[in-house]
Amino acid sequence: MLEFLENIIPSSTIALVVFALFPLVLILVYALFAIWAERKIAGFIQDRLGPMRTGGFHGWAQTIADMLKLIQKEDIIPKDASSFLFKLAPFMIFTASYAAFAVIPFSSGYIGSNINIGAFYLLAITSFLTISIIMASWASNNKWSLVGGMRTAAQMVSYEVPTIVTVLSVLIVASSMNLMTITEMQTGNDIMGFLPNWFIFQNPFLIVAFALFFISMLAESHRVPFDLPESESELVAGYQTEYSGMRWGMFMLAEYADMLLLSLLGATLFFGGWNSPFGTFMSGPVWGFGWFMLKGMLLVFVMMWIRWTLPRYRVDQLMHICWSILIPLSFVNFVLVALWEMIF
Amino acid sequence: MGLLDKKYHDSNIIIVSLESALNWARKSSLWYEQFGLACCAIEMMATAASHYDFDRFGIIPRSSPRQADVMIVAGTVTMKMASRIERLYEQMSEPRYVISMGSCSNSGGPYWEHGYHVLKGVDKVIPVDVYVPGCPPRPEALLEGFLTLQKKIENESIIESKPSDKITEEADRHETT
Amino acid sequence: MTHQISANVQETREMTINMGPQHPSTHGVLRLEVVLNGEVVSRVHPHIGYLHRCFEKHAEAMDDYSKVIPYTDRIDYVSAMNQEHGYVIAVEKLLQLEVPERVEYVRVILAELQRIASHLLGIGTFGLDLGAFTPFLYCFIEREKILTIFEKISGARLLYNYICVGGLMRDVPDSFKPETADFVKTFRPKIKELNDLLSYNKIFIDRTANIGILPAEVALNYAASGPMLRGSGVSWDLRKNDPYSIYDRFEFDIPVGSGEVGTVGDCWDRYMVRVREMEQSLVIIEQALEQMPDEGNVMEAVPKRIRMKEGEVYVRTETPRGELGYYIISDKSPSPFRVKVRAPSFVNLSILPAISRGALLSDLVAIVGSIDIVLGEVDR
Amino acid sequence: MKQPEEIAAYLKDKIVKGVLEFVPAEIGQPWITLAPDSIKNIAKFLRDDSELRFNTLMCLSGVHYPAEQELGVTYHLHSTTFGHTVALKVRVPIDNPRVQSVESVWKTADWHEREAWDMLGIIFDGHPNMTRILCPDDWEGHPLRKDYVQQETYQGITTRF
């Protein structure tokens, strides 16, 4: 895609910028859509309508209005807050989410940076989220924020372990850390004659791995039932309590971007990335992008569905689930995946 | 209306369309502060629930005052609570609005005469944009209050009023005081 | 360069945190001063009075016993009918007044409908405290149906001023009976739905079982009542143990906490008592609808002017939150000499410091939710 | 289950000091008048005696009697074991309104007594935390006294309409 852009745009620098800005535009458009969709889905689940007025048809412009309003809001920095860190945190959290998109293979024709250690880079860069949340909570100088930040630190650091181990089980099957290569390996429909060559169908233990990955993904993007960092009914708004206006908007954007990022990672690792489920039918770079986003959005939808159905776990139960259930299970499963690969 | 309030001196097509876009955004996304005081809070909850559904108008609750645009004073404000209400209002970020819901917060309601501990109208401590009458107001009445607030927001301006307007404004102020 | 770690670095301090008066899960304007050790609650001091609306002063200032009724509505705005019922029974006892049959039946049906409405709100907000948003809205959909019935008979959705001394403000419309029967029929399956969605949800059980355990003897010493006491396994319901109105004519069970998923007297038991009480209320309503006389003047016994003799009564009735006591002292004047309300929430809330010691911050939210307080009643 | 008059007779029989008289009522419930400086002992006896077992204090109400220049406290007791109830009353002069606290007997009395202090200015001796509960700490006067005059301003806000 970079070559294509360089062909139509005279300056290669501008072409590079356009190339790099693609995920940013995607995140923004997606966030506008996803926030609206979440409210509509919540409405559907709860026997209501959700946004109806703003913009005409089913309130499609609701998130645009929200964002435009947030820009106008007063930017409050509490007097006793650590001003520099307070201002830095929202940018850092958004930068981290954005940077992680660099290694996601959106289609066979587009990947920001086709590096060999893509999966490793992605897991490493998402740790920035933890740091920025702790930064935000500590800099706010608010007790509720602090409690929220401490919970985040514990939660995200812990859940990184099962996430990494489940990702590792895919990596040993693929024997590559390049996400583009991993996707390419899943092309074709050979399993039992019709099933696509997606990793989730290739190895029965990878189904378990996906289940574990999905649970840890919920915790990593702090969604219900693991939304303790911002749990509204306990901590007012957690680490976001003191943020107002667009600074808060950045947190919200990052939260949704994070959801998409992890869903897309899940789609890449387990559901064949940009591969069409029908073999060569409806494949190609553009179709591929469509399939990829569809798979990602389906996972996002499931996350929303869970959010509006389940209550929230307590902080010690959260840790218990991680350390005494998910981590041992994921290690055992890792060994089983490896054994299966050796035998078959 | 917050940051851009009366920052521009003359009106031209860009300013006017910007103004209407900004006003549209503000009126379409009124996030209210999630806190209730008394009986009216139950009706406020009923308005937010499925049957009446605040979300149709883009109105959602935020529990932190920093992120809220509207404060619904839903219920009786007591002397002990008055300073807290004031504090909450101060914590909200501009542009902020206040809807006084129900007789109690409008004027003390049924407690106006013998209620030694009841604040006789929340407007004694914070400025109020819209008063919703009723004891308690029906959910429809609260929605009407929001629609009235939307109308009020539509008429806000980022253009500085002309000097002649200023004089009349000041004259008005003198008359009222 | 060498660093010396002083002993002070290891020292931990307790953190005092203020929950409320504006907090999403204090159910109003309750303020809890919580001393936290990490996330473990060391001490809780409830501060109340943020909604003290001087009910008792108003009752003494009114120049007629009937004029107090609108204020009783506003004590516990979630179960206004039960409040009116309790107050009116107390005044009728002072007047030694007999009430027509039809009035008694209508009152009982309304009280039980209100109990369901109130429990729906309590259950819904309890779910909300634990992060389950959707059951809350489902509860409100059902509650809205009850409010429609109330609106048809009294004209108001929340605060009715419908039951008056000696009778009712006006007779119920003809549609009252079929509509109530219809509600009873449609509501039964909804309780099962609620159980599937919330009560027996694994996460919900994990969050509420073995939390905030209230032993029976402590509950009695603190004079807890209602679901709070029954959740601790004490079978005590004023409708059965000290029947008022015509409750002795109905057959129903008293659900008590059994420690089904945890220990007797935990948050889940208190919650489940409420769910099961809704079923029992339906049973009562069905019987009452069957026995209710179709004819009768509801204004028959309403006194033109209330002439009170000197005397005093303490009348207790069972509201959704527990024992509501009206202690009324009358003199010969038209206004009450003293009206004291023994509000169930006020007493139940006073137990909070005792049962929340050592809980986590999240548990504290669950415990406050399971007490099901209404601040109007706590502060009056 | 015992009737109030039986309880009164039983109390007079067992406890010599502090039980003043049994007042039958024309309307409503009769009561037993007690001395304010012995209420705690009597309360303990009522709770622990095997024939009475008054394990809950349903209600504790303060009353102002302006004609007699007195304040009073009414206790409504109830036994879940036997199902009987009784009302007790103490009266104290308004210029020295001191009553023994029963907080150590029934924990529920804690908040009730604080409320009686807040509303009527009755001092309960032996209460661990005799502070205002409903009104703010810097409130003036005791609102439920019949001669209460509402303060004009509170923290600079007028209290009148």
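Each chain gets a letter, A, B, C and D, in the order it is written, and its residues are counted from 1.
We adopt the following convention: a residue touches a chain if its C-beta (ideal position, glycine included) is under 8 Å from a C-beta of that chain, and two chains touch if they have at least 3 such contacts.
Remember, predicted model here, so these are calculated numbers, not experimental data.
Participant: Return the chains common to the contact lists of chain C and chain D.
Facilitator: The shared contacts of chain C and chain D, listed by label, come to B.
Participant: From the mean C-alpha coordinate of chain A to that of chain D, what's the distance rounded to whole Å?
Facilitator: 62
Participant: Measure off the straight-line distance from the CA centroid of chain B to the CA centroid of chain C, and report it in whole Å.
Facilitator: Chain B and chain C have C-alpha centres separated by 32 Å.
Participant: Taking the mean of the C-alpha atoms as each chain's centre, how many Å separate chain A from chain C?
Facilitator: Centres of chain A and chain C (C-alpha means) sit 44 Å apart.
Participant: If you look at chain A, which of its residues touch at least two other chains?
Facilitator: Answer for chain A, listing residues that touch two or more other chains: 42, 46-48, 232, 236.
Participant: Tell me, which residues of chain B touch at least two other chains?
Facilitator: If we look for residues of chain B contacting two or more partner chains, we find 50, 63, 80, 113, 116-117.
Participant: Could you list the positions in chain D whose residues touch two or more of the other chains?
Facilitator: 134-136, 143
Participant: Using the contact rule from the top, write out all pairs of chains that touch.
Facilitator: In this structure, the chains touch in these pairs: A-B, A-C, B-C, B-D, C-D.
Participant: Touching chain A in the complex: which residues of chain B?
Facilitator: Answer in residue numbers: 1-4, 21-22, 24-26, 28-29, 50, 53, 55-58, 60, 62-64, 66-67, 69, 93-95.
Participant: For a test of understanding, state which residues of chain B touch chain D in their complex under the given definition.
Facilitator: So the residues of chain B touching chain D come out as 79-80, 82-83, 107-108, 112-113, 116-117, 119-120, 124-125.
Participant: Quick check: in the complex, which residue numbers of chain C touch chain B?
Facilitator: Spelled out, the residues of chain C in touch with chain B are 21-24, 28-29, 49-54, 57-58, 61, 70-71, 74, 77-78, 121, 136-138, 140-141, 143-144, 147, 157-159, 375-376, 379.
Participant: Taking the complex as given, what residues does chain D use to touch chain C?
Facilitator: 25-29, 55-59, 61-64, 74, 76, 80, 83, 87, 106-108, 110-111, 119, 132-136, 143-144, 146
Participant: Could you pull out which chain C residues touch chain A in their complex?
Facilitator: 15, 17, 23-25, 36, 39, 127-134, 137-138, 141, 197-198, 201, 203-204, 206-207, 360-363, 365
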